[in-house]
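Some structures to go through are shown next.
The same chain A turns up in both complexes below, where it pairs with chain B and then with chain C.
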Partner chain A sequence: MIRHTVGRLVSTVFLAVVLAFFALPMLWLASAPFDDSPAITTSVPEFTLNNFAVILDNPYALGSIRNSLIQGGGAAALVVVLAALAAYALSRVRVPGRDVLLYLLLLLSSVVTGTAAMVPIFELATRLALIDTHLGVILVVSGGLLPAAIFILKDFMDETPTSYEESARVFGASSLQILRHIVMPLVRPGLATIAVWALASVWGGFLFQFILLRDPDKAPGSVILYTLYTEGGAPKLDLISTFSLLYSLPVVAMYLFVSQRYGFRFHGGIKR
Partner chain B sequence: MARPMSAVDAAGLGRGRAVGFVLPALVLIGVFLVFPALWTIYLGLTDYRLTGLAAANPQVVGLDNYTDALRDPRFLGSLWLTVGYVGGSAVLGQAVLGFALAWVLRTRTGRLRRLVEGVVLLSWILPSTVVGFLWFALLDRDDGTLNALLNTPGFAWLLDHPLLSIIVFNVWRGTAFSMMLYSAALENVPPSHLETARLAGASVFQQLRDVVLPLIRRHVLTNLLLISLWTFNDFTPFVLTGGGPEGRSEILPIYVYNVALRGGELGAGAAVSFLILLINLAFALVYLRLLRDRRRREAALTGGPPA
Partner chain C sequence: MISLHGLTKVFPGGVRALDGIDLTIGDGEFFALLGPSGCGKTTLLRTIAGLETAGSGTISINQRDVTCLPPGRRNVAMVFQDYALFPHMDVTENIAYPLRIRKVPRAERLAKAADVARRLSLSELLRRRPAQLSGGQQQRVALARAIACHPTAFLFDEPLSNLDARLRLEARTFLKRLQRELAVTTVFVTHDQAEALALADRIAVMSRGRMIQVGTPAEVFQRPATTFVASFIGSTPMNLLPARAAGGSLYAAGAVLPAPAGLTDGDDLVYGVRPEYMDLSPTERPDAFPGTVSVLENLGTSTLVTLEEGGTFVQAVVDEGDEPRLGDHAWAVPRRALVYRDGELLAP
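Then we have the complex of A and B:
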């Protein structure tokens, strides 16, 4: 009994230390945006909402959020549509070599990382005139996300019954109609998971956006934030902290949405 | 549609249309994933540069880039830093802290558990540049929160201990994955086994070694492989230190960026990229072997975080 109590005490102390370690860097994010004159040290703020008004006037802040939305939304749409088409066909038809193909794709997506591919990707984008375009970021990111997306969606599709599709076919529906009106609604949780995962990946992603976009007018929030605190003299703390908070909220909201609605299973990538 | 359909082809797609459905995805993957991987091999054999003479007319130089790299103290130093970074932050840091959290939280319910899980997860899902700046503010020399707390004004963490800084940073950033994986794994350990061991007088260490570890061995292996692979390819420390000072936190991903895209030596950078690719391949092949007779759904883990 004593051993139990001591163990419980030790574990509580351990949890408190871990809690402090993880919460410490975040305190600043919670306090500085509301602070009248934020310093880099975490402190109890002189409460104000003025910083949020300032950010609306900054030319790059809102524009970069729009860029993040274009790039993230574009990649999410492209990945969902292409992955759904491919996963459906692979789930319903025995294409020769299907299982080998799926394994190869998975292998590729984990091996060809941004680090390993940044040089050829930069070269490729330069030659295809995709530097400083939203499309470039969307295509490059989608290529990396698709294999895992197909894999996960195929799993969802394998679990849906095929009887509806058979009867729809009897009534003369085309394959695309069947896919759109019968299969899609059945696998909606899967589609939502993939869409949120893709959007969150692009939203928080840095490397590809950083090397493919030189023009600050095209840069997403993640890159603008980096330039704000690394370039040009004293960082404007009020601006940076407020922007950090604004930029983090959608990701947290998306995460909460998926985990509450569909139950969070860690499909590895649901983060960044 | 007169052709008889096999039983599996319920939607009547037929092979032709099935291929048509798969093709757009395959083309995109082919152009932006497979082709770059292959092109790295070629680029790595040339003296290709971003600007200058070798930019217009690159020459094939064979294995020169590789032999140069292996003689270059900067590359070898970067390699060792990477080993330290992966070993320290992934294997020792994330895996051990993640398991400890899963183990301790397993018997807890209520507010403390939700709070701890919440902050650990939050540090995982925040955008990387936001996280970079939070740590920048925490470790700042003059006004950083850490110096204020420890009463060590003026201590330059990022300058004096750059590797330690990015190791601790990555433990903070990535422990959530290990915590969740081990939490799921520990659910497979029957409480009665632990109870029996406890009644027999086994210490916590003995319980872990003799009861828990044999049951979750595959999870441990999966965890170590994946977090090592991800950490090995992690570019995020760039937003904190940029590889500096004087290359003392220049892990391989940052080395490639600095050499190829900042320094303009695309050929030399591509050669190192290819080495990274080979090491990734070794990790992934071991992982897929492990996975072969497991449920498909867990394979989705390989989705992994993009850089």
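Then we have the complex of A and C:
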């Protein structure tokens, strides 16, 4: 009996510590923006909204959120369209070595990270005059996201019975009509998941954006966050926390919206 | 009219799914492709639809060679085994889908869909999704969708197999009446011989990519061309007993029977009698199969009796009330029989 109680006590304390470890940074993010002089620790704030006024005065802050929307939205749209087409083709056409190709792409995109490929990518972007353009960032980050997106979407496509498509084909529908009328609506939860995941990845991405964009007018929020330091190199915690909060709100809102509308799923299967 | 000439289909890996099929299906005919699974019947249907391409041979529909046309340009409608109703569209949208592909204006196609739905008593269900329909209703929506596009031929893949037993009989009658009314050439695939006999004007029995026999249900039932067809057709399996000819008589399972003309002594023969064409006699007769009653199976209005004699089983159907008792000795007298030599039916 005592041993049981002690066991329960130990496991509860352990869980509480783990939970606190993850919850405290969130708490800091919620309290620090409203604190007059936030420190690195969480404390009851001396309440002020001044931090928001200061950050809105920053010439790049709002523009950077717009840039993030352009780059994230552009990449999400590109990834969804290209991945849907590729996944449909890979799911329906028997290509020799298809599975090997898919696994290889997935492996390369996750193991050989963008960092390792940064120099050639930069070189490529320079020659194609894509440095300092939204398009350059969109193309490069989409390339990194596509393999995993194709992999996940192919699973959704595989779960769609081919009799639906054959039925439509006998009625005279073309491949694109079948994709638009039948397949797309059926894999919509998958498309929503991929879109949100792609946008969130780009939203939080830093390295490509930092290297490919020279002009601060085009930098996304993740890069602007990096400029909120004093000349001495010390972080301006009040501004960083305030901007972080502002910057995370659109993504949280999008998550909630998509989750409510479509529901997140990472596997196929049709609710009939 | 659908004409097939020398149709052959070999799948990658060397399986000959269709092996030189020649067939003509008449206008308005209700035609069944019957056979066990893997016999090529579904492949044949899909090849007519254009979902599979023929390796060699030609397909023409109403005198138009469609061998190389894509499915959408053959003007046929197919109903799939799982009905393939689009789960994200309601009944109206499903029925109107073929018209949407043909760019029929929205108002017109909705009116058309409502009209077809009314004929199939689906008017109450127009706003429902397929998931909210029963199996029988789903089947009728699939039929309505096929009818809405006014095809020159219907192709049905196992149209009744997804329904439960009770509903299947109703749906069978409904399907036959509908086909009569529409008078559209219809080809359907089934592995259920009862379904083929009940529905079809003519039946093709298939095995290993070939047509073994083509004929009306009566022909196929009364005179199966081979022992394969004989064992496949009929709700109780036909008695197929090894037989031997000697001196103008046939010897099979303990009975001495009159032999048809043209037999030579020592031929490899099979004597076939349907259990329904057997009479049971309580007294010994030389032209009857003797045995001990070992199994009694109640079929409702009749009983299937199995006689056993020295490891050979002979079955006979007896009417209600005439059942022998288990363990009784009895003699099964054939009324109507067929003789097969090397698996092929001998002319009587």
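Here, the second predicted complex is superposed on the first by the 219 of 272 C-alpha atoms of A that agree within 3 Å, B and C clash if a C-alpha of one lies under 4 Å from a C-alpha of the other, contacts with A are read in each partner's own complex, and residues count from 1 in each chain.
The rule is short, and it goes like this: a contact is a pair of C-beta atoms (placed from the backbone, for glycine too) under 8 Å apart; a residue touches a chain by one contact, two chains touch by 3 or more.
Note that this is a predicted model, so its numbers are computed, not measured.
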First, second, both or neither for A:F21, with chain B first and chain C second
first
State whether A:F171 touches chain B only (first), chain C only (second), both chains, or neither.
second
Is chain A touched at more residues by chain B or by chain C?
B
Looking at A:Y103 after the superposition, I want to know if it touches chain B, chain C, both of them or none. Which is it: first, second, both, neither?
first
Please work out whether A:P185 is in contact with chain B alone, chain C alone, both, or neither, and reply first, second, both or neither.
second
Based on the superposed arrangement, let me know which partner A:Q260 touches: chain B (first), chain C (second), both, or neither?
neither
Could you say whether A:T5 touches chain B, chain C, both of them, or neither, answering first, second, both or neither?
neither
So the chain A residues that chain B and chain C both touch are 163, 166, 169, 270-272
What part of chain A is in contact with chain C in the complex they form?
161, 163-164, 166-174, 177, 181-182, 185-186, 270-272
Looking at the complex, which residues from chain C come into contact with chain A?
49-51, 70-74, 76-78, 80-82, 84, 86-88, 97-98, 100-102, 130-131, 149, 155
Inside the complex, what are the residues of chain A that reach chain B?
7, 11-12, 14-15, 18-19, 21-29, 39-42, 78, 82-83, 85-86, 88-90, 92-95, 103, 105-124, 139-152, 155, 162-163, 165-166, 169, 175, 178-179, 183, 197, 200-201, 203-208, 211, 221-223, 225-226, 229-230, 240, 244, 247-248, 251-252, 255, 266-272
Complex contacts: residues of chain B adjacent to chain A
6, 8-15, 17-22, 24-26, 28-29, 31-37, 39-40, 43, 97, 100-101, 104-105, 108, 112, 115-116, 119-138, 140, 142-146, 148, 172, 176-177, 180-181, 204, 226, 229, 233-236, 238-239, 242, 252-253, 256-257, 260-261, 266, 269-270, 273-274, 276-277, 280-281, 284-285, 287-288, 296-297, 299-307
